[in-house]
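See structure below.
So that you can tell them apart, the chains are marked A, B, C and D in the order they are listed, and the count of residues begins at 1 in each.
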């Protein structure tokens, strides 16, 4: 994509301009920029680092934090205290200024296990307020409201780090370097399995878990990284100002940081820079309004939020998209399309006839009602096993227990011979259990390709550091995952849509994509929850071919479905549920002949003619 | 079921000459996904019309656009002689179009009575007395509601909730009652008692538009039926005629000469 | 969508404009030749905006007087005001702007002590003289490195004020049980060690130390503790709103100790609590309700004339002492500039030590003494005056029934 | 002993303020699943506008009523202008930012026009306290819990007995269904925000005489009211009332027996812990998450 190249160009330009900025004066023959402009740019760069971190949290992980200023302040105070009280060197104190907030961030991530949305935001607010309160009133350590003054001038290898026109402004370049590092971290995380996992988890937590994403782990990581960056910025600030007190890190500051993220465009690469630059500059220029400047500040925000709801970058991108709107016809190829290279996907099946999934005495209760009642069933490998029953019979509940979304109240489930009671979905996914959802749970705002790549998550071995540093193993794995994803897209005939946002796909294609995504896990057991719902007969026939094909290649498929003829076409075996109990189990023919089944579906004495019989099974 | 067939048989289809609802080239889309792709449809005054089609055929989207739950991207809706394209649902209710939504959507945290009263929200100001009378009438229609009048609606069974939803819809004294997926999650026994009520209401002059997945039921009670697939109307015709028609099964079951 | 599309381009340009704006702005002349401007960084917005306004009123009026007489060295003195929204980092931004971009010859400070403390290093680095008219924190003038050469003050000094108040309290307390109540700000917290020291020096054992935070609305807990400790005199270190809330808490529990306060209390406080304020004593540098010298009277009239809608009576001078300080500070500055003979910061700094001037607050002879941090303060304790609230007015104590009679 | 009485009394009054502001958040949230994040400014307007009105020579009671009405209208306007457009798709956060921005504007405009100094709000009930031994309370402060009870009961009746109240609950339960029975959900939401604004402003008017009116009086209280509502499980009015009062009282005991300076640190920490123990809030009901 040229867009990407453009991005790199812009970054290079940005870095060059910033690097050249202090020397502008020598070009235009003026004593400019003065220490004032230098300081402003340094402060903007420092805040930019915090905002980049926050962007990872808000823009990618979808976690809104209104306590970020506290982490920024934590970094500042760690650096200040260590250099002031413990005589740490610049480098040493900075290391801790990053590490300690990062740890704090990881702790802050814990609540996300329990609470969401506005509740989480409130917790971050509380954290910020508590932090400020401690800074202000733990006088003996933090100096209280008077703060910590007269920090020693930082040095590297004896070189004093200054930021003034008159003396030297080498500190300027240290901050610039850190900013570029932060930008790199943002890029490296965003364009990796971590970034994909974060966005996936924020757009459909269930699907993410089903695809082997350990949601808690990645969120903890996101919190830690963003807190680490905040701490880095804090340390840089402390060593610039040589004075810190709580007033720089209040709730208001947290709000400003969040606004900068949104203003620039949450979840974009350049957003944080533009957001920070704009708002920070605005603060300086609104000085002219005197006592009305905060009013003007608020007004500016309102205007921007109204005119650019997606932020500067987001809106510009939307504009660009509209301007180069090219309705080039996209080719939807036939599927399934068993090309070469797909072997890996069905590489490791259980050997034939072996029990892949066995449930015994399985019971699931929600408060009063019993959704699943002491169900016993066996699914043999390489077979397609249909699970049918009237609405509310407990089919989906059963599926959710097998895939780990619900905890069985009683009984046990064995998958691939091992008991998996209470194993979380992502663990089951790693074992080789993949599933689709009744109402397709795609990651709507991610591209079709990225959707599939999320499925490749569990195959990665390279760790976070390898990812950030783009070490060989990471590159290899990324390449392989990409290749496989493309194969899968070809398999389901969506190659041409790879770059499209998933939510823009027509319904039928969304089903295809969801299956391709599930296959990316290379599952041994595939759970399909009403995959034919909403598909046209043509599409259903293809779906039948696909399922059959997978089963013939050794994959085990459990299928919850209404379409009788489809069930008849694909299933080796059928289990019928009613009121959470198994009322029949056998081949399609046996089941259809079973009077209890007819009773369950049509009620006594009704149902006349083959037509009604079949149509009503679809109810 | 036989009962129903009799009812329908006894009823002679009313002329679609003076349509109370006419939909022309209606188009609905979510983002870039087109759910309804240019549908024409008409309901005559006093007529009982059905729409059938497989899951995802666009039936519900069509209804939502007609009742103003969502805005169509194209086409027009005329109701009771006026162009109502794009009107919000509360405005449509005021004009005499009530909808029994898919999944019933009763106000589970309020009593059955309050649900009924809310049904009359658009007219309660004018005649409380009339509303009370109608509530009594509904209890006559569905005695089960009478027994549970002060219970929280959430505690009702699926069938009872469906009754409540219908009664709630009727309390706005609609000219046209639109019902989405009456059968959803209901046991046939209950359906066997709900459908006759609809037939009776229709007999009393209420026009009804019924979206139903259970084709057999729909075809049995309605005068005319539209068959939808892929957001389009494949064909329509007199329900009796369609009941035996193989094309229905094809469209519906996606059966292509298999077995 | 379309609306947004249309608006995107102009707004983007605005954004870029703002960014680019950083790079524009007037390029200052050579450093040694400073502009004839006074830069202020103070609270223009936020909870302390009123103090900023009062400061502005005094300074602008004084400058009118000076410029009316042809300015200094033939040039009028300009005033540039920047808001520090109460945040030290912003105060430093502003100092840099004043010193480097605007290249002003001198800088004035606002009310808040931390903002002044944060300026120590940058001011010295820029060689920019600074004059404080309010912020009374001891650390503003007494730098740990003992080498404060650029920060002057024409205001009170907490170390001296605490000494003064402790003595006043000691003189008034029947049972010798004196407590210190302070707000949780740099100003309040900063005074605690000074009070402790002052108490020790005067052989007073503080019977209680209580604090509260800005915005607190009820201090019953603190007051109950003090009352139960038998305290009969309170040294107060807080501003109007919280002090008023504290007084109400005292009133609730029916406890009325003697209160001697630092100068955070103004007429706004009296307005808020009404009769409860009567008899509360406040240390200050000047009182506009007493007999006024001709100069003071002239100053008052000038302020009334220049800000007729803000200043009608002396009650509208809501920072009475600070405004008098600022008034004197401006004239001291003018004197120093004349002595310096040029708009040159270093020359001005040196000249400050050679100023002898009779102001409305005190007789400054000399105003400052080089190499003696103690004397980077122009207003000495001798000039402190005790005042008391009486019928909603802050009066010289002699003019009230609360004067010493023992 | 008298200390305890004092803490109970003042705690009760300040707690009532939290509870009333919290109820405001509750009303907004149930109607819109979004709130005016700077609701504290509506609270502030209640007190400030009363003072302004009295400056115009209007006597206390009519002035207070006028202030509450104006503040309520402002609150409704904020919903229309700044919440609705940014609350279109589920769990959007746009409204959070816009309301914050508007709050900034309101607060700074008030500072510029009304002044940054606090102003007394004279009330005959705040002149001399009722003494109980060494403890005491202003009649004005006793008004708060009384008002709270009235408001809570009134709200309960409103939601259960009146058509408008039923409609609000209907909208809260399911906007679509509400529309399908003829309820204009948008209009109801607008009214709800107005109602909430009225509650908040009333709290401001009632506490004003004790703590004075100032442009910054709303910030912290608004935040605490919001947190109290969240802790209670924002969809439960009774819970909000209880949580509010409890938090107010516990604050006083923290001040009395732990620390005055660290009151908020301790209080907020408690809140967070509670929230972690009861993710849906103390009184919120736990919904089964559908997969």
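What we mean here is this: a residue touches a chain if its C-beta (ideal position, glycine included) is under 8 Å from a C-beta of that chain, and two chains touch if they have at least 3 such contacts.
These figures come from a predicted structure and were not determined experimentally.
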TODO: Have a look and report which chain pair racks up the highest count of C-beta pairs in contact.
DONE: A-C
Task: Centroid-based (C-alpha) most distant chain relative to subunit D - done: B
Task: Approximate Å spacing (C-alpha centroids) for the pair subunit B, subunit D - done: 43
Open item on the list: Taking the mean of the C-alpha atoms as each chain's centre, how many Å separate subunit B from subunit C?
Closed with: 75
Open item on the list: Measuring centre to centre with CA averages, how many angstrom lie between subunit A and subunit D?
Closed with: 35
Task: Junction residues of subunit B - those touching two or more other chains - done: none
- [ ] Give the residues of subunit C that touch two or more other chains, as numbers and ranges in rising order.
- [x] 45-46, 49, 184, 211, 213
Open item on the list: Could you pull out the residues of subunit A that touch at least 2 other chains?
Closed with: 136-137, 291, 293-294, 309
Open item on the list: If we count contacts the way the header does, which residues on subunit D are in touch with subunit A in the complex?
Closed with: 82, 85-86, 91, 93-94, 96-98, 100-105, 107-109, 111-112, 223, 226-227, 230, 234, 259, 261-262, 264-265, 268-269, 271-272, 275-276, 279, 281, 288, 291
Task: Of subunit D, residues touching subunit C in the complex - done: 2-3, 6-7, 10, 14, 108, 111-112, 115-120, 127-129, 131, 134-138, 207, 210-212, 214, 216-217, 219-220, 252, 255-256, 260-261, 263-264
Open item on the list: Considering only the defined contacts, which subunit A positions touch subunit D in the complex?
Closed with: 64, 110-111, 114-115, 117-119, 121-123, 125-127, 129-130, 133-134, 136-137, 206, 251, 255, 258-259, 262, 291-295, 297-299, 301-302, 305-306, 309, 366-367, 396, 400, 405-406, 437
Open item on the list: Residue numbers of subunit C touching subunit A in their complex, please.
Closed with: 1, 4-5, 7-9, 11-12, 15, 18-19, 21-23, 25, 27-28, 30-31, 44-46, 49, 53, 81-83, 85-89, 92-93, 96-97, 99-101, 113-114, 117-118, 120-121, 125-126, 137, 139, 143-145, 184-190, 192, 211, 213
Task: Of subunit B, residues touching subunit D in the complex - done: 67-69, 88-90, 93-94, 98-99, 101, 105-110, 114, 117-119, 121-122, 124, 168-169, 172
